[in-house]
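Comments concern the structure below.
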Amino acid sequence: MRFLLSNDDGYFSPGLEALAHALRTLGEVTVVAPERDRSGASNSLTLDRPLIVRRAPNGFYFVNGTPSDCVHLAVTGMLDVQPDMVISGINIGANMGDDTVYSGTVAAATEGYLLGVPSLAVSLVSKSPQDFSAAAYVTRRLVERLLSKPLSRQAVLLNVNIPDLPLPQLKGYRVTRLGRRHKAEPVIPAKNPRGETVYWIGPAGKAAEAGEGTDFHAVAEGYVSITPLQMDLTHYELLPEVEGWLQETGAP
Amino acid sequence: MRFLLSNDDGYFSPGLEALAHALRTLGEVTVVAPERDRSGASNSLTLDRPLIVRRAPNGFYFVNGTPSDCVHLAVTGMLDVQPDMVISGINIGANMGDDTVYSGTVAAATEGYLLGVPSLAVSLVSKSPQDFSAAAYVTRRLVERLLSKPLSRQAVLLNVNIPDLPLPQLKGYRVTRLGRRHKAEPVIPAKNPRGETVYWIGPAGKAAEAGEGTDFHAVAEGYVSITPLQMDLTHYELLPEVEGWLQETGAP
Amino acid sequence: MRFLLSNDDGYFSPGLEALAHALRTLGEVTVVAPERDRSGASNSLTLDRPLIVRRAPNGFYFVNGTPSDCVHLAVTGMLDVQPDMVISGINIGANMGDDTVYSGTVAAATEGYLLGVPSLAVSLVSKSPQDFSAAAYVTRRLVERLLSKPLSRQAVLLNVNIPDLPLPQLKGYRVTRLGRRHKAEPVIPAKNPRGETVYWIGPAGKAAEAGEGTDFHAVAEGYVSITPLQMDLTHYELLPEVEGWLQETGAP
Amino acid sequence: MRFLLSNDDGYFSPGLEALAHALRTLGEVTVVAPERDRSGASNSLTLDRPLIVRRAPNGFYFVNGTPSDCVHLAVTGMLDVQPDMVISGINIGANMGDDTVYSGTVAAATEGYLLGVPSLAVSLVSKSPQDFSAAAYVTRRLVERLLSKPLSRQAVLLNVNIPDLPLPQLKGYRVTRLGRRHKAEPVIPAKNPRGETVYWIGPAGKAAEAGEGTDFHAVAEGYVSITPLQMDLTHYELLPEVEGWLQETGAP
């Protein structure tokens, strides 16, 4: 069993270390992660320059690229054998609802999925986690269950969010849909030393649709949230309406 | 009527210039685009540093950030009035099928959509376009039609791909679903001058699902492809299966 | 006569445009400049990725690299014929005293000089220049004088700083030595939106050695300052002292 | 005794680790180094965004900036007490002759020197060092000698290059001037996957002035080379000639 691990916080992240440690006894672990923090990288691929791989003293590989670059490079060229599973994380901070669009953690797993490998994105719902041990345990158990009984699809993409609670306080698992956030908060203006205005991207919006069945709800209740994801962005419901609109508004 | 324009090729791209020119008589055009080529940027947001806006001699604003940053910054802070529509492009090169996941062109429009603004991503299916005039005309017509009769949803996200043909040879419009590509081609190894191996991300895979109804098919037949997109990545069909799997594989 | 122009403010800078305009009637002008603002780049060369050259609508070439990269690339590979002179600028802001160590404007000229080409760095002493016409005129005159009577060394490197005054108010030229600045001001702490402390590099120190004969003094008096530079950093005066110290402090 | 250490290879470099280890018993060691490889960074300072400091598990601080940024930030704001000495290295690869202009290793030490702190840049003359122990020993001895008997100037900047030889084979120390290199080799063209030409910066030129007394010569003979550096780039010898030229070529 071969695991490919990545993340978006950088190869030195304690969350990644905890993940590697947790999975090592289940199979062969290879880590290929960004050389620096790439949170918010989404599915970006580096197309304007080549990538280089280096090896840290602990055996982790690091790449001067994005989370997607790391998994892409590992699966399509660097590794001799295709991994059986891609696991991205353990991210410091939630990736729920619309966050999944921007998340580099989710993107690393997405890249595995699009390349045909079952993939997990794992996030710990805390901005300053005290302890990765519960999250590492949970991830290990999920991987064991996937190994003992694979989900029927050849490649599945699961987005896992884990409350920052001691293991005994976790209430269990919930299969969820993504919630929705309110619009992002406004950019935050500041001045640089030359007196020019600069803008920081502001925080994500608060949860807007966080009812029963959503990832927001499950985590708030103390459950591990598991959301299966797919990457076909077609808005199928809207196809007939757009079709009608096109006919109605006439010739080109 | 206020239009916010962006792209991922950079503020100096002739495709953006053609777009701005085409829309100027329909309303007020503001361009906020990346200072350099950010193709492949996907929905990445710059979280580790603030952004700065500068103004080019032609009045376009450029930002040291990603396509998503540009639209996010414009809509959530820089512009006094919210735009009525976001249009991203005209991209040099197709954004069909799985490309939409990686595309910065689509991402700029997605950002508008997630912030509640009707948005279009426009791509010209050519690596070295001779002429943006047909694509600019088509975009203008679509915008006019959206203005004359809005689609019912408050904010809709349309992904438009235009064959690189003279206007008279375009066959019309097709409302499509996204096709699928085969897995990406392998990374392309090269040597840097120090003799180290570096890797270029390889080309996207060839079209795998390109049958009737897909964007690939429409464009290949000479039609403008219009695909409505949405950003909820939940794999709804798979929810019951994952639920069953979770119960079957037992206690945590 | 062939001129290679570059700068550190980016290829779109009005100072570069003014410079190109001023020199066009004296010879063939080629502009190869950074694609974005690279102020403070010093002599940095990009060694970890390859560079790409693109051409703007106005014929200027722009490169995804530093000022030194631009001149290096142009002289050692891109141009068919070696330029007769490299001129960098017109920079927005002074490059006097210790600034020369950090300046990308000076670095672009330094790169020409190290590659054997007579080179000028030109800076306008103003943070928000009203008008480049006086500086452009002065630069043109200096170039004409260099053409009519070259300085004896094969390649000379001149650092030119021009007060931001209307031409009639400029008092003339002064050949100067570099002044010295006081230590830089402290870094300026700020908070990012996550509440983490970040630091802006603070302003350069005030002039410390700005007496008669220095560039600071000349410019303050309304003169154009011309300082010949060299790039041998050996501290010759100190060689005997270090030799003595080495002997005195004994065996390895 | 407080030592501030930095480098340009990144905070994870074994050369930096060896340096920290060697100096730890002589005083308090603080490491502030770039988060990634910044070879070739020269004296560049990051002016367009703020810097952030993070702490690695081994206690080293790393910064999303250049070598100069690291020392600048540490000395002008981050550290409570000014360091007594800045040591940069141990670089993997020589920094001799004209290399000093481009080197990030030398730049980190230069920044200390310009901020009034005695500073050393240390480089191991090898592209793939087998062993840092001799270089670490040599550096430690030099620091001890500087502590036992400071050089008379308040702040001195020494550029040290160490042959990649086992300690017993090192022949001793030589105080040297910088040699000179031939012009750099041409850029190396390559193709990116889109078929566009890209250019790698080529290797530095071969030693041109490498006679007795130069750093090139000392190292080639098996000696540790010590070159005192200064940062006043004024070409004093040339001042009278430029003065004469200015008068001769007449009125503005």
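As written, the chain order gives the labels A, B, C and D, with residue 1 at the start of each chain.
In this text, contacts are C-beta pairs under 8 Å (C-beta built on N, C-alpha and C of every residue); 3 or more make two chains touch, one makes a residue touch a chain.
Composition by chain, UniProt nomenclature: A, B, C, D = 5'-nucleotidase SurE.
Not measured: the values here are computed from a predicted model.
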Exercise. Going by the contact rule set out at the top, which chains touch both chain A and chain D?
Worked result: B, C
Problem set entry | Selected pair, greater C-beta contact count between B-C and C-D | C-D
Exercise. Same or different: do the copies chain A and chain B touch each other through matching residue numbers, with over half of them shared?
Worked result: same
Exercise. Just how far, in Å, is the C-alpha centre of chain D from the one of chain B?
Worked result: 45
Exercise. Between chain C and chain D, what's the gap in Å when you average each chain's C-alpha atoms?
Worked result: 22
Exercise. Where the CA atoms of chain B average out and where those of chain C average out, how many Å apart are those spots?
Worked result: 40
Seminar exercise, completed: Flagged in chain A as touching 2+ other chains are 48, 50, 52, 64, 190, 192, 200-202
Seminar exercise, completed: In the complex, the residues of chain B that touch chain A are 37, 39-48, 50-53, 66, 68-69, 72-73, 76-78, 98, 100-102, 104, 107, 110, 114-116, 138, 141, 145, 148-149, 151-153, 156-159, 170, 172-173, 175, 177-178, 180, 183-187, 189-190, 192, 196-202, 226-236, 238-239, 241-243, 245-246, 248-250, 252
For this session: State the interface residues of chain B toward chain D in the complex, per the touch definition above.
Result: 48-50, 52, 64, 127, 188, 190, 192-194, 200-203
Exercise. If you look only at chain D, which of its residues touch chain A in the complex?
Worked result: 12, 14, 35-36, 48, 56-57, 64, 192
